[in-house]
Amino acid sequence: MRNVIFIPMALVMMLVTGANAADGVTKGPNGEKPEPARSLTLTADEEASIKAGNYTAALVWHEMSEYTNAVNSGAQDEFKRLGITVVAQTDAGFDAARQKADVETVLAKKPSIILSLPVDPATAASVYDPARAAGVKLAFIDNSPAGYAHDKDYVTIVSDDLFQMGNRAGIAMADALGKKGKLGYIFHDADFYVTNQRDQAFKRTIEQDYPDMKIVAEQGMADTARSEEIAQALVTQHPDLDGIYVTWAEPALSVLAALRAAGNTHTRIVTLDLNEPAALDMVKGGNVAALVADEAYMIGVTAARAAAGSLAGKKTGPFLVVDSIAVTKDTVKEGWKASLNKDVPATIADAIK
Amino acid sequence: MTGPVLELSGIRKTFGGVTAIEDFSLEIFPGEIVALVGDNGAGKSTLIKIVSGVHPPSAGSIALDGQPVVMSNATMARMLGIEVVYQDLALADQQAVYMNLFLGREPLTALGLLDRRRMIAETEKLVKELDVRIPSAHAAIRDLSGGQRQGVAIARATHWASKLILLDEPTAALGVAETARVEEIVRSLKKRNIGVLIISHSLDQVFRLSDRICVLRRGKQIGVRDTKATDKNEIIAMITGLKQG
Amino acid sequence: MSNADLAAPSLLSRINLQRYVVYIGFLAIFLFFAIVLRDSGFLTVRNLSNIVLQTAPVTIMAIGLVFVMSAGEIDLSIGSIVAVSALAAAVTIGQYGMVAGIIAGLGAGFVIGLINGFLVAYVKLPSFLVTLATLGLFAGVSRSMTDLRSIPVTDSLFTGIFGSGSLFGIPSLIWWTVIAIAIAHIVFRETRFGAHVLATGDNARAAAVCGISVPRIRLAVLTLSGVIAGLAGLLYAGRLQAAKYTLGETDLMTVIAAVIVGGTLLNGGKGSIVGALVGSLMMGMLNNGLILMGLSVSDQMIVRGFIILAAVAVSLREKNR
């Protein structure tokens, strides 16, 4: 579950930046203005010069998850396309000390590029300093080491568009309910940059754009282990809800279970991130109406492209964001491909047939 | 003729309301092997524990070399020169023979480090004297046979005992040949001028080894016999209660 | 009886193998990487010294665990002691300076170790359960200490001594490793304490009968392990120039594997400090080499798992027959 995984880092990010989502646009960890990832392209000359350079790259991940996997394969594919050999990849298991060791280790292969997601941005400078000193081109996912300057120390940060994700969830909910109805809102009740931005963007979208839709029940969720009880309580107290937004897919499964237990086929669920059981319910015409996912694969492609471009002298903006997509029953195949660059799991493919 | 090395007089031991030993008196002289026999539950183990300082007696007195002593724990008994060879031998299996011999009482060099050279030398000397046939002082206990282990346990007691060695069923787990070896070692202790109190279930062994036999029955001391002046039938009669002391 | 004659040859051959398994394994892995990765920077001085530097905290933790495991106990809490100590040191350094920070870091380890030791030695709870509980408990404490925040360490003398500095051209982490291993080796092999630790783990009853205070030994090894894990925490804080609650969390299994591969018995009575060092370096070398081979992360984990399994199997087989 990406959100859960992101929690520690997100908190640090929030503390560092004091980021606030309510202003309607996703901002970078250092307040950068976002640019769409798709705007980054390389010219034929640049590509030719990169291919001629015999460059190498190392991928220094914070942790391996389905999300990282998608980012990783995006990066691998783009590097391959540009004739860059990936010489090493590592997994720090969320341990900053191990990530430091990983950076030192991959430097033995003298890579031209390191793509990385810093475990702990506040202290990441000591992790990446040896690479920076060795003149390696650094491109980051989601955040950058504190004290590092764009362009001088690193190429770019690529991330997903958190505000857009929440916004898309709001739109998907409106589409599912015909733009009117009573909503339940289960948000992540903790100071976490990633989830807070997304949750607030959903709420804002409903409040501003859909006057006939009302959030009548709000429920914070601080501890995912208690999502089952929270869902149960919400469903019991408000059996007449038309839709429920859940902060991410895992607790959404608890809501789904509660609805099923109550025999409720009316209330629709919209949540964030692709998740096989939730998607299965969706394609079978269950309660789940839409899953909003970011284009994780594209994050990898973009970071790889930006880093490779810098080897050919191309300048990239400080903060690139990828799109997110609302995956519904009809678009589940395409959505899976766009987000994770994978075919839908067999169970779902079978259910669609 | 010197006096007894150990003198127990009027020893009584009760646990709660239950009397385990009543009015037990015994003298053991240097160089003498005394056997303690009796059925299970006769109180042999309790008596060993009293002599080795584990249980203080409820009444009665203990004297070593004529000096009355009060032992509040096993460490004190060891300091006074009483060593026990337990049924389970109490050896550390992975450690070398010499480490076991000096366990808890390792000699140190001037630097405060283990004096291995001395431990090894003394072990080899002792093992030779007692004719305990082990491959080397460096061998780990678990690589030794049952008889060799028993030999090491006795050697350890011998090294530290200045007055008395208590042997609890020293050959219970051994085969015939190994039993013979261990009995030889026990017999050789006589030369060292210390007292030996041995518990054994095997009357044959008792008659082979001991100078005197003390019979316990249900906590009562039935009697003490010179081994040469008695026979198995009498001892069995005493153990089973057919004959009173 | 020919026991002596029979025992001698088998004893000899086994002792040799048993003692050298970890060294042979280390050498084999080293040679493998040296050949396969000859063009990939594995053999550079820089890379090799990186391996030693990276494994320093694990090596230090392994020292404590050798004492604990030799005494027949286990200490799982080292995984969270590292973080608590590093955070305690980082916070204290910020407020009261380096010396107070070192005392706070080591003190935190000491206190946690003492708690473990008391519960094991005097309340007579199994160390596995006690330290499993304190592992979780202090993981929680480390999280709440600073609300999950990382605490930077800016004291350059501290980061020099404990992490990034060097003396006579040799990095401080190598000094720490060498000095800690040397002292621990002597204490373990050549002092009464070491002998009593082994005896306690080997046969606690025998040790007690011979006048060794078994509870005191158990208290001592667990306290020692706490302090040593605290030192590992300081080294991490120095090396990263920051402390975070995640420090050390992923090291626990590596430390246990290093100690076992290094010839220490899981159930006590036998241990090796130098073996643990070599075991720890072997783990570090494996991580390093597998990354440099360009394997995917999942493949690295699988291969590493197999090699550790093989190493542990061989070393345990040799010891337990």
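Going by the order they are written in, the chains are A, B and C; count residues from 1 in each one.
In this section, a residue touches a chain if its C-beta (ideal position, glycine included) is under 8 Å from a C-beta of that chain, and two chains touch if they have at least 3 such contacts.
These numbers were taken from a predicted model, which means no experiment stands behind them.
The chain closest to the protein's centre is C, with centres computed as averages of CA atoms.
Distance from chain B peaks, on a Cα-centroid basis, for A.
Per-chain CA centroids place chain B at a distance of 43 Å from chain C. We define each chain's centre as the mean of its Cα atoms; on that basis chain A and chain C are separated by 37 Å.
Centroids of chain A and chain B (each the mean of its C-alpha atoms) stand 76 Å apart.
Chain B has no residue in contact with two or more other chains. In chain A, no residue touches at least two other chains. Residue ranges on chain A touching chain C, taken from their complex, read 8, 11-12, 15, 61, 64, 86-91, 93-98, 100-102, 104-106, 108-110, 119-120, 122-123, 125-127. By the touch criterion stated above, chain B contacts chain C in their complex at residues 74-75, 78, 84, 86, 88-95, 99-100, 103-106, 108, 112-114, 133-135, 139, 143-145, 147-148, 177-178, 181. Residues of chain C touching chain B in their complex: 1, 3-4, 7-8, 11, 186, 189-192, 194-196, 198-199, 202-203, 205-207, 209-212, 265, 269-270. Partner chain A is touched in their complex by these residues of chain C: 40-42, 44, 46-47, 50, 53-54, 57, 147-150, 152, 236, 239-242, 244-250, 287-288, 291-292, 294-298, 300-301.
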